[in-house]
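Shared between the two complexes below is chain A, which has chain B as its partner in the first and chain C in the second.
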Partner chain A sequence: MKGAYRRLQSEVGAESLPLLAFLLIMVVAFSMATPRFLTTANFSSMAFQLPVLGLLTLAMLVPILSGGLNLAVIFTANISGLALAWTLIKFGGPDGGTMALIFGMAAAIAVGAASGWVMGLVIAYTGAHPILVSLAMMIFLRGLGEFLTRGGDISGFPDQLNIIGHGGVLGIPVPMIIFCAAAIVWHVMLRRTRHGFAVYMVGSNIEASEYSGIHTKRTITVLYTISGVICAAAGIMMAARFNSVRVGHGEAFLLVTVLACFLGGIDPFGGFGKVLPVFVALIILQVLSSGLNLLGANQHLSTAVWGLFLIGVMAARWIAGNLPFLQRGKIH
Partner chain B sequence: MERMLKWVTLAAIATGLASAAGAQNSTMGVVVKIGGIPWFNAMEVGIEERAAEIGMDAEMIGPTSADPALQVRAIEDLIAKGVDVIGVVPNDETALEPVLKKAMDAGIKVVAHEGPGLQNVDWNFELASVDGFGEAHAQLLAEKIGGPGKFAVFVGSLTVPLHNAWADAAIAWMAENHPEIELVGERYGVAENVDDSRTTALDLIAANPDLKGFLAFGSQGPIGAGRAIEERRLAGKVHVLGPFSPGQGQKLVKAGILSGGYMWNPAEAGRVFVTMGKLLVDGVDIVDGMEIEGLGVVSPDAANRDIITDNLLEINADTVDELAAKGL
Partner chain C sequence: MPPQRSIAVAAELLGTLESRMPDKPELKPLALKLGGVSKVFGGVQALNAVSFDVQEGEIHCLSGENGCGKSTLIKIVTGVYSPAPGARIEIFGRRFDVMTPNLARSLGIEVIWQDLALFPHMTVAENIAFDELVGTRPRAVWIRGIHQRAEAVLARLGVSIDLNSSLNSLPIAQRQIVAIARALMGNAKLLFMDEPTSSLSQSETSRLLEVVRTLSRQGVAVVFVSHRLAEVLEISSRVTVLRDGKLVGVFPTAGMTQARLGELMTGARFEQGMSARDRSSSPAVLEVENLGRSGEFENVNLTIRAGEVVGMTGLIGAGRTELAHALIGMTRPEAGAVRLNGKRIRLRSIRDAIREGIAYVSEDRLGLGLVLKQSIADNTVIAVLDRILGKLGLLSPQRQLNLVDHWIGRLAVKIGHADHAILTLSGGNQQRVVLAKWLATNPKLLILDSPTVGVDVGARAGIFEIVRELADQGIAILLISDEVLEVLLNSDRILHIIDGRIAGEYDPRATSAEELEQRIYA
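Moving on to the complex of A and B:
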């Protein structure tokens, strides 16, 4: 029994169970505070809202695990969205049909991957700090996007795109299905593949990894490319959700993705952390924000509660790690 | 245990923050561009006052940044909350269409302000029409000049559609009604910058001794041109008009350098939101010639779902203090 619990913990991460417990408390508290909370409408609304932020958080997660950061996630998503929009408009706009959509998505993913790849190459081969490189990329992509669109938006897409943003299968929103699938792929990639192992090792100690024969430069290039691909997925989803593409859509999410990663127990210095706790942390953030909205609280207040929550989690982690009576039976 | 306690406390804070809405009144949520700025603070006051008067439960939701993605989230939450009316001042019209369609499909009434292009709305209302706003400024300038002379027009930038539309309307009105007042040059795209407005105004005054007035569309244009007038001690001889922030222009207006301008009142817009929401919930048809409090007699454009009125608020020496005190 105890062994099974340990195995579960090592697979999903020690952070997950307390976070799940906290999520449960939040849900119970909000349900008592307002009858509107425990309704299908509310859960469906949350499930539609979460995935864009979720995909962007996955894009942020792997660079942080490798000891870096990707500040360009939002604008990579925007520029990929522009590639999608451009292709759709070229192939007939609203009457483009499914083939145009597939071409468009391929174009978006190619653009996202290319931007991630360039970033990865620069970080891997020049040794420049990822914050600087991704900041430069963010400014470049933003400027490029605003130059190409003159700050305006592009709309007029085929109806099939609508399914990605607003459709449902058996009552489950399509965006949520896509996000869950992406999260599972991320979990498997990090825990079960050579690349995932290499990411953790690079994040823990890049020099030791290099000496142990891990191709660190390739690992870094690949991980930023993958981050770019998932950004493109987020860009496609944003285009579908808003039925339009504009540089700057989702700008407010940048720091929230970092927040979600840290809440989910990803080590800010890299090397440690798992996907599931981040997934739970995202749900908690969504529950907090939707719950407070249902209660009619000020938006700035929900931001404040998010911050307070992060501080609380940090404090709880410190207490759990430092009080002797909690240490019984724990192995470090 | 400590960990548990921390979390329980946090949850208690979160739940204790606000009280649930009453069950009887119709409910309304107004999502604005961004919260915590004076313009929308004034709108919130208007919404709350009017809601208390006519028995609605209305709240304003101001996202923490002017990002359409946050407006979409706020509207999703309002749909989940099951409000009767959603009001919106869009950051980006097209980005909101899908979620507003979802709201309308759910039987929620939608009222917009400053969103004339929106499709999925019951009504969009404006307190200032493009032509009316430009013409009102031209008319005021003609009154102030009171005879032949020349005037120059500033806009925020040559690519700001709204400013240029105002300028077009003002210039056309002036050419038609006061041909003796001539336009100098084309128009100058300097009005978002105080310094550029000031130097351009100084140059124009030097080059045109018979220059009598400036029309400056763009928040910094009147201030910059006003400074130029102040430097050259031309107050009363050269008139400066345009929409500006009352708080920023207060001193110049008091000194008689800025003649004034027009704006529309965000608090009034807030009141109209609630009035419109109530009418929609009660199922009142909005027809030509009907009088709506705050809008006056309306002639709605049923095809585009627009109600455009001219309820301008004059900024002058008498009103500027009150407006500035509201933080506008």
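Moving on to the complex of A and C:
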């Protein structure tokens, strides 16, 4: 019984509990402030909005765990979206049908994976800093995308794409289902696969990992490639949600993905962190912004509140780690 | 071994007599006199009524295992910690009730910690004169004056270092000198040095010890903290031994032996005899023929047989670690051949080496041997992830737990919980985890590169007990070390490497530590 509890705690992460408590407080507060918060409509709209940011955060999460960063997540998603749009239009635009959609998604994922793979190779084999490499990739992809689209929108997709962005199964929005599935895959990948094990080790000490037989170069290449794949999934979802593709869509999300990772207790220096607390952190961010929106607050204000919230969490973590009365009963 | 034992007994008698003898009249005034110093940290008695004194210009060693209270004592003298009531602190004959870091510095007490606390991106001159460069107010700094003074300090130490080179371009040994020079700029009269030689080679060590002697001749009292018993006996005139926060005694180093000092520090008897055996009839596990790599080693021929411990010693930089790196696939030899169990092997990475059954315990345990921040459990299984796979090819926590429990138990690693970070362990226990990690790979050949760096005397014996046991199970072992005695006592054969070539082979039973040392440091 005790073992099972310990196991649960180590899988879930001690970081999740305070975040869940905070989430609960916020839900109660918003419910009392406005009757429109605790409604199916509100929850459904949150469940449609969250997944794009969620997928992009998963794309950011593993590079941070490995001690790096992937600044190219948004534009990788955009370029993948372009690949999708280009394929769909080649195969008949609005009349393309399911096969066109499958080809398009395959093309998007191939482009996303290729972008991540190139970044991973450069980072692993040249030893260049991930921030520089992904920044260069981000600028390259943005320029390429703007050149190809001349800065405009591409639209006119088959109706099937609509299901990914706006559909629902048993009342649960399809985007949310995709995001939850991705989060579960990420959790299993990090906690239970050799690749995930290697990511944590590489994030803590890459040289010691290499000396212990971890294939560090392959680990880095693979993790950026997977990051590119999940970016592509986000790109497809963005195309489906907005029914158009434009380079620059979701640009504001870039630093929010980093924020969500840190809020979820990912160590900025790599090596430590779990998926579930990040998942909870994302929900908190969504609840904050939807709640404030319902209260009639300005969109920009909710961005400001996100930042304030992260500062508050940092302070709270410091207090929890330093006040003696909170330390009592802890083993270490 | 009767002759050894009788020497040990004689030394013990001598030690007991001397520590019981009434204080001889002091020839020199005392730089430091401590009495009744106690300190408790959260229920742990770090120091228990310890007294300690240092004469002016004396080189005094402070010995004891990790956690015996050495650092706490230094921190009390320098005002970092305040002792429990009842302590007497006298410095240069003046009694102090309260000590603060600033007061200690103004009295000429300086500490050089193990990590040196220098500024890697600043020049040598800036590092030496650092304390003159900082201040509350911005002011112009007279660069030439600083250079002159820094040069004068280095001249006083009898060394020359380019004042304009940046600190991180210097080897550790020279940084050590820079740290000493910086302390002297602050007019140090009582200098504490915490493990100054732990990352130096033997020749660098002897140069550092020469500098310490120079200081002593100039009237600076030096308190020297070291794990290396040989240099403790070589450098100091008296040694104070602490164990578990209590004073064991103050002993003159004349007539003291390493074995006796080790006993005093650990409270256990070390009668490690020589363990060499003849393994020449066992089958060869590793055969190296004419192996070479330009600038590192050349024409290396060696054979290690099943169950054999081959010691390899020589100066740091002689190509020992480079040879080990070639044997584990971190680098590729340019000439020659390596055979394992008769089969020619060409390794392209350390993963190939692990597959072939070669394991390498790095000399840099903290940087390369372990992923320090991660857990004991993860560090144990890191090299054998394919063995803890369960359903669907996923890592199985249960299998990991079984494997970790098995090796932690087998090697008697003292841990709280396997989920704790490995940096919570002592050096000796960390090294046991490193061994566990490699033994889990089921090696045929185990390469130990300086396996006792930063490991307590007591824990060293435990490590070598494991090594012997592994040899008895038929593992071939290459023991690389620059501690001659360690190699002599634990090897079946000894190879001496000079400038990348194997220059000689010795039978431990037919040679002595003195003879070996003479050949190595000639």
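Keep in mind that, in the parts below, the second predicted complex is superposed on the first by the 325 of 332 C-alpha atoms of A that agree within 3 Å, B and C clash if a C-alpha of one lies under 4 Å from a C-alpha of the other, contacts with A are read in each partner's own complex, and residues count from 1 in each chain.
Heads up, the rule we're going with is that a residue touches a chain if its C-beta (ideal position, glycine included) is under 8 Å from a C-beta of that chain, and two chains touch if they have at least 3 such contacts.
As the structure is a computational prediction, the values presented were derived from the model and not from experiment.
Trainee: Answer with clash or fit: chain B and chain C placed together on chain A by superposition.
Mentor: Result for chain B and chain C: fit.
Trainee: I'd like to know which partner A:I214 touches here: chain B for first, chain C for second, both or neither.
Mentor: Second partner only, chain C.
Trainee: For A:V188, decide between first (touching chain B), second (touching chain C), both and neither.
Mentor: second
Trainee: Once the structures are superposed on A, label A:F253 by its partner contacts, choosing first (chain B), second (chain C), both or neither.
Mentor: After superposition on chain A, A:F253 lies in contact with chain B alone.
Trainee: Of the two partner chains, chain B (first) and chain C (second), which one does A:I102 touch, if any: first, second, both, or neither?
Mentor: A:I102 contacts neither chain B nor chain C.
Trainee: Return first, second, both or neither, reflecting whether A:M314 touches chain B, chain C, both chains, or no partner chain.
Mentor: So A:M314 meets neither chain B nor chain C here.
Trainee: In the superposed arrangement, does A:S290 touch chain B (first), chain C (second), both or neither?
Mentor: First partner only.
Trainee: Can you report the vertex angle at chain A, computed from the C-alpha centres of the three chains with chain B and chain C as the arms, to the nearest 10 degrees?
Mentor: Superposed on A, the angle at chain A reads 130 degrees.
Trainee: Looking only at contacts as defined up top, I'd like to know whether chain B or chain C touches more of chain A.
Mentor: B
Trainee: Does the superposition put A:G271 against chain B (first), chain C (second), both, or neither?
Mentor: The answer is second: A:G271 touches chain C but not chain B.
Trainee: For A:N205, select first, second, both or neither according to whether it touches chain B, chain C, the two together, or no partner.
Mentor: second
Trainee: After the two structures are laid over each other on chain A, how near do the C-alpha atoms of chain B and chain C get, in Å?
Mentor: Across the overlay, chain B reaches chain C at a minimum of 24 Å between C-alpha atoms.
Trainee: Please output the residues of chain A touching chain C within their complex, sorted ascending.
Mentor: 7, 10, 188, 191-194, 197, 200-201, 204-205, 207-215, 271-272, 331-332
Trainee: For chain B, which residues are in contact with chain A within the complex?
Mentor: 2-4, 6-8, 10-15, 17-21, 35-36, 59, 61-65, 67-70, 72-74, 76-82, 92, 94-98, 102, 159
Trainee: Residues of chain C touching chain A in their complex?
Mentor: Touching chain A from chain C are residues 330, 349-351, 354, 360, 362, 367-374, 378-379, 382-383, 385-386, 389, 393-395, 397, 416, 419-420, 424, 437, 441.
Trainee: In the complex of these two chains, what residues of chain A are touching chain B?
Mentor: For this pair, the touching residues of chain A are 18, 21-22, 25-26, 29-30, 32-36, 39, 41-42, 44-46, 48-49, 52, 150, 153, 155, 162, 165-166, 238, 241-244, 246, 248-253, 288-301, 303, 305, 308-309, 312, 315-316, 319-320, 323.
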